[in-house]
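We call the chains A, B and C, going by the order they appear; numbering starts again at 1 in every chain.
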Amino acid sequence: MFDSAILIPSLLNGITTGAVYALIALGLTLIYGVLHIINFAHGAGLMLALYGVYLLKERLGIDPYLALPVMVVGMFLLGYCLQRLVINRASHGKDENILLVTLGLSIIMENAALLAFQSDTRSIETPYTLATVTIGPAMIAVPKLVAFAGALVVSAILVWLIQATDLGRAIRAVAREKQGAKLMGIHVDHVYAISFGIGLACLGAAACFLLPAYYVNPQVGNGFVLVAFTIVVLGGMGSFTGALLGGLLIGVVESLGGLYLGESLGQIGIFGIFILVLLFRPQGLFGARS
Amino acid sequence: MKRWRRDIAVIVLFVGAILILTTSSDSGVLLNFLMMALYATLLAQAWNILGGFGGQFSFGHALFFGTGAYIQSIAQMQWGLGAWAALPLALLGAAMVGIFVGALSFRYGLKGSYFALVTLAFAEVFRILALSVNFTGAGVGLMLPLKESLANMQFGSPRGYVYLILVFVVLALLISCWLRHSRFGAYLQAIRDNEDAARALGVNPFGIKLGAIALSAALMGAGGAFYVQVFHYIDPGLAFGPHTSVEALVAAIVGGMGTLWGPVLGAFLLHGLSDITRNLFGQLPGINMIIYGLVLVLIVTFMPRGIAGLSATLRARLGGRNG
Amino acid sequence: MRTRRIFMTQSAAAASAMAFPLIGGAQPKTVKVGVLHPVTGALAYSGQQCRLGAMMAVEDINKAGGIKSLGGAKIEALLGDAQSQPQAGAAEVEKMNEAGVSAVVGAFASAICLATTQAAAKHNLPHVVDVGVADQIVERGLKNTFRFGPGYRKCAETAVANLHVLNTLAGKPARTVMIIHEESLFGTGTANLLARELPGYGYEVKEVIKHANPTRDFNNIVLRMKAVNPDIVIPANYYNEYALLVRTMQQQKVQPKAIYSVLGGAASSYKFVKECPDAANGIIDCNHWFNPKDKRSAAMRKRVEAQGQFFSYEVFMAYTATRLLADAIERAKSADRAAIIQALENSTFSDHIMPYGQTKFVNGQNTGAQPLMTQVQKNDIKVIVPREFREVEPLFPMKA
C-alpha cells in the first residue's frame, strides 16, 4: 500500500520518536517497579525539566546536550526531596493516597509553572535544530538521532546501576521485599527516595533530548503521560530493557498506525496494545510475574 | 436491622435539607452550586461503588460517563426519542459497556494497578473512536437543540435540574446503603478485602464484581446523560477525557472510600473549594489551582481515611499516643 | 419566609461580589461587566491574551470619561476564569449574574461559549462573543448572544473564494490541495466546510489529515505530504501544532506551491514570525485581522508589545468586542440588561479598528464581519486581500 520510500522513513521516524518515549518511560518504570506507585506527577516532572533546559539555554547559553549533567543532578535532588519530604509523609503508605498526593503535586507544579512562565509556548533555537541526516530514503532530524543514542546510553547506565552496584542491589531488595530489606539493615525510606530521584533524573535527561525537537509550556507533560504508561506496562513494570524496547515498539506502532489509519485514529494502535498486553501478558515483555 | 434504618433516616434528612435550600433561595449561584455539587456527588458515588465497596480502582470511569452522554444525545437527535425515553437507554448502554470491560478484565484476573490502567486505556480508545466516527459527530461533537420543557428534560430554572440530579443522587445513596447492609454488598466487600478467602468461602467473585461494575457504570452513565441535558453539548474530549475520571475518584477518596457519605462530603468539599478559589487572586491566574492542589495534599496528609473516616483517624491517633 | 429569601439572595450576591477581583475601584455609579476567559488550563495562553485585550478596552473607555450618557460612569470589570472547561464557564456566568453585571464579554473557545451564552440567556444577560468561531453559537436562537467577528463558515467561504482569485490571477498553477486540521470542533468544522467548497471551484482535495491535540511529531504527516505532493497545503489548527508542522516541513525540505491556512494557529502570528522567520516566510492566512489602514491599530500594536506581549488576534478581537459593548451601553443610556440587548441589536458601531465597516447584527451575527487574507513577507505580516485593505502585492505561488 505504501512503497518503501514512505515506509522506511516512517519506521525510522517511529524508532527515533519512540526513543524519546522510552527515556520518559524509564523513570516511570523504576518508580513503579520499586515504590509500586503510579506517578501521576510524571508529566509535570517532564514539564519542569523542559523549563529547566529552556532556562539554561536562554539565560546562561548552555546547549541542551551540555546541560545534561546539571539537569540530571538537579532533577535527582528534586525527586529525592519530593519523595522523602512530601509524598512519603503525606501518603502514609496507602496506595490511593499516594495517587492523590502525586495528583495534587502535578496540579501545583503545572500552575506554578503557569504563574512563573506564563502560558505561552517556548522553544529554543540551536544550530542543529533543523539539521537532518540522510539514511536511505529518509531524512532524519539530528536531534532525534541524538535522542535515540541517548536512550540507549541511559538505559545501559540504568541497567548497570541496578545489576552491578550495591545501590542497585538495595533497590532490588526493597522492590521485592520491603520488610525483609529493612530487617537486613537497608534504609528503606532512603532507597525509596533515591529511586524516585533517579526516576526524575531520567526525565531530566529526556528533557535535554526532547526540547531541541519540541517545545515547552505548562501543559506539555500531559501529552506524554499516557504513552509513558503504555510503554511501562508493555515492557514490564520495573524493567529498563523493557521500557527501552517497549518505547521503540510503541513509536513504530504509532508511526505505522498513523500511516495506515490516519494520525488521529492511528493513536488507537497504542491503546489497543496497552489493553492486549494488560489482558494477555500483564507482566509485559520483560517483567516478572508479580 | 437498626443500622439501615438509621442510614435511611439520614438520607431523608439530607434530601430535606437540599429541598429546603432549593426552595427557599432565589440565588442562581447557590442553585448552580447545589446542582454541580450534587452532580459531582453522583460521579463520586458511582466510582465509590466499584472502587470503595468493591476495591477495584478505575482510572477510566469517564468511559461510562461518555457512553451515557452520547447515547442520551444520539437517541434524541438521531433516533427521534424523547429525553425521558433516552435516559434508560443511556443507563443501559453504560451498564453494558461496564459489563464488557468488567468481563474482559475480571476474566483475565486484572487487579489493582493493572485494572486501573486498563480502564484508562478503554476510555482513551473510546475517545479516539468517537473522534473518528460520524454518528458521534466526530470532532465537532453533538449539540442538543435548546427546547425548554419538562418533557424535554430541559429546565429554565436551575431548580428543575437540582431536583433531577437529586433523584439520581438519592438512587445512588440507596444503592450504597443496600451495599452496606445486603448479602451482595457483604460479598463485594469480602472480595475487596481478600478475594481468595472469599472464593474459598463459596462466593463467586466474577459475578459479584460484574454486578458492581454494572451498577457503577449505570450511575456514571446517568451523570453523563445529566451533563448533556444541562450543557447541551458533548464532544469526545468532554465525554471520555481524564477530567471526569479524575473528578470522580478524587472526590470519592477524599470523602472516604467505601462509606455511604464519603462521596457526598468529598464532592461538596472539593467543589466548594474549587468554586471559592477560582476567583481568589484573579489577577494572577494559576494561584487558585495551586491552592486547590495544596489543600488536596493537606487533606490526604491529615485525613488519610478521608473525611468520613476522620473519626477513625482521630481515634487511632489519640489511641496511639496514649497506648 | 420572604425576608429569609431576600437575605439569602443579598448575602449570596454580596459574597459573590466580594469574591470577584474588582478593577476600576469601588466607586459609586459604575457599570459592571463580566470579562470571562479560560485563563488557566489548556487554553491559558489564548484566554490571557483575550483578557489583556478586554482590559485594555476597559482602561481606554474609562480614561476617555467612561459612559458619558450615564454621567461618566466607569466600567468595572469582574474577571472570571473559565478554567478551559464549559461547566466552569457556566458557573462563572452565574456568579457574574448574581454580582449584578450588566453584560458579559468572552469566552474565546467555542465549546465554552456554547455553555456561557446559554447560561447568560437564562438571565437575559447580554453576552458578546469575542472569538468563538463555531457557527452554532449564533444559530441557536438565543436573543442575548452577539458575535462581532466572523464564524468559520464565513472564514472558509472567504478563504476558498480568495484562493480562487489568487490562483486565477497567477495563471492557475495550483490544482491539488491537502487539508491538515486539528481533531476538535474548530478544526473539524473548518475542514468539513473547506472540503465541501473547494471542489466547486475546481480544486481537488487529495487528502484530509486529522491530527490530535497535542501532536508530538509531524514527520509522518510531512511524509504523506511528500507522497501526495499537493500544490497547496491548508492547515487549520492551534499554535503549537501549526508551528511544529511548518518547522517539520522546513526540516524535511517540503515546500508546496503555497501554504494557505484558514484560521491557522501560528499563521498570522507575530510570535511565530519572530521565532521562526524562515519557516514563516510566505505563509498566507485567512484569519481574524485588524484594519491595517487604521492608524490606531499600529498604535495598539506598539502598546501591547511594550508590555512584552504579542499583538495576537485574541487581543484585538477581545478589545473590539468590549468596545462594541461599551458603545451599546452608551446608546442604551442605561445599565439595564434588556436595554443593552436592544442597543446591541440595533448597533451601528463603526468606530473600531476591525475591517468590518458598520456593524449590523442579524440573529446575533455581525453581517459586516470578515476575515482578511494576510501573508508573511519580509518578516512582517501584511494584508493582501481584499484590495481595499491591501498592503503588499501577494506572492503566489511561493514556489513555481
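Convention: a contact is a pair of C-beta atoms (placed from the backbone, for glycine too) under 8 Å apart; a residue touches a chain by one contact, two chains touch by 3 or more.
Note that the structure is predicted; figures quoted are calculated from it, not measured.
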A-C or B-C, whichever has more C-beta pairs in contact: B-C
Per Cα centroids, the chain farthest from chain A: C
Distance from chain B to chain A - Cα centre to Cα centre, in angstrom: 31
Between chain B and chain C, centroid-to-centroid distance (C-alpha), Å: 35
Residues of chain A touching at least two other chains: 111, 114, 262, 264, 267
For chain C, residues that touch 2 or more chains besides their own: 40, 44, 47-48, 183, 210
Touching two or more other chains - residue numbers and ranges from chain B: 131, 285-286, 288-289
Contact footprint of chain B on chain A as seen in their complex: 32, 36, 38, 86, 89-92, 94-97, 99-101, 103-108, 110-112, 114-115, 226, 229-230, 233, 262, 264-265, 267-268, 271-272, 274-275, 278-280, 282
Parts of chain A lying in touch with chain C, wherever the complex brings them together: 2, 5-6, 9-10, 13, 17, 111, 114, 118-121, 123, 125, 130, 132, 139, 141, 214-215, 217-220, 222-224, 255, 258-259, 262-264, 267
Residues on chain C engaged by chain B in the complex (per definition of touch): 1, 4-5, 8-9, 12-13, 16, 19-21, 39-40, 44, 47-48, 79-81, 83, 85-88, 90-92, 94-95, 97-98, 111, 114-115, 118, 122-123, 136, 140-142, 182-185, 187-189, 192, 210
Residues of chain B defined as touching chain C within the complex: 24-30, 32-33, 36, 131, 138-141, 143, 145-146, 156-158, 231-233, 235-238, 243, 275-276, 278-283, 285-286, 288-289
Partner chain A, residues of chain B touching it in the complex: 57, 104-105, 108, 110, 112-114, 116-118, 120-122, 124-125, 128-129, 131-132, 246, 249-250, 253-254, 257, 284-290, 292-294, 296-297, 300-301, 304
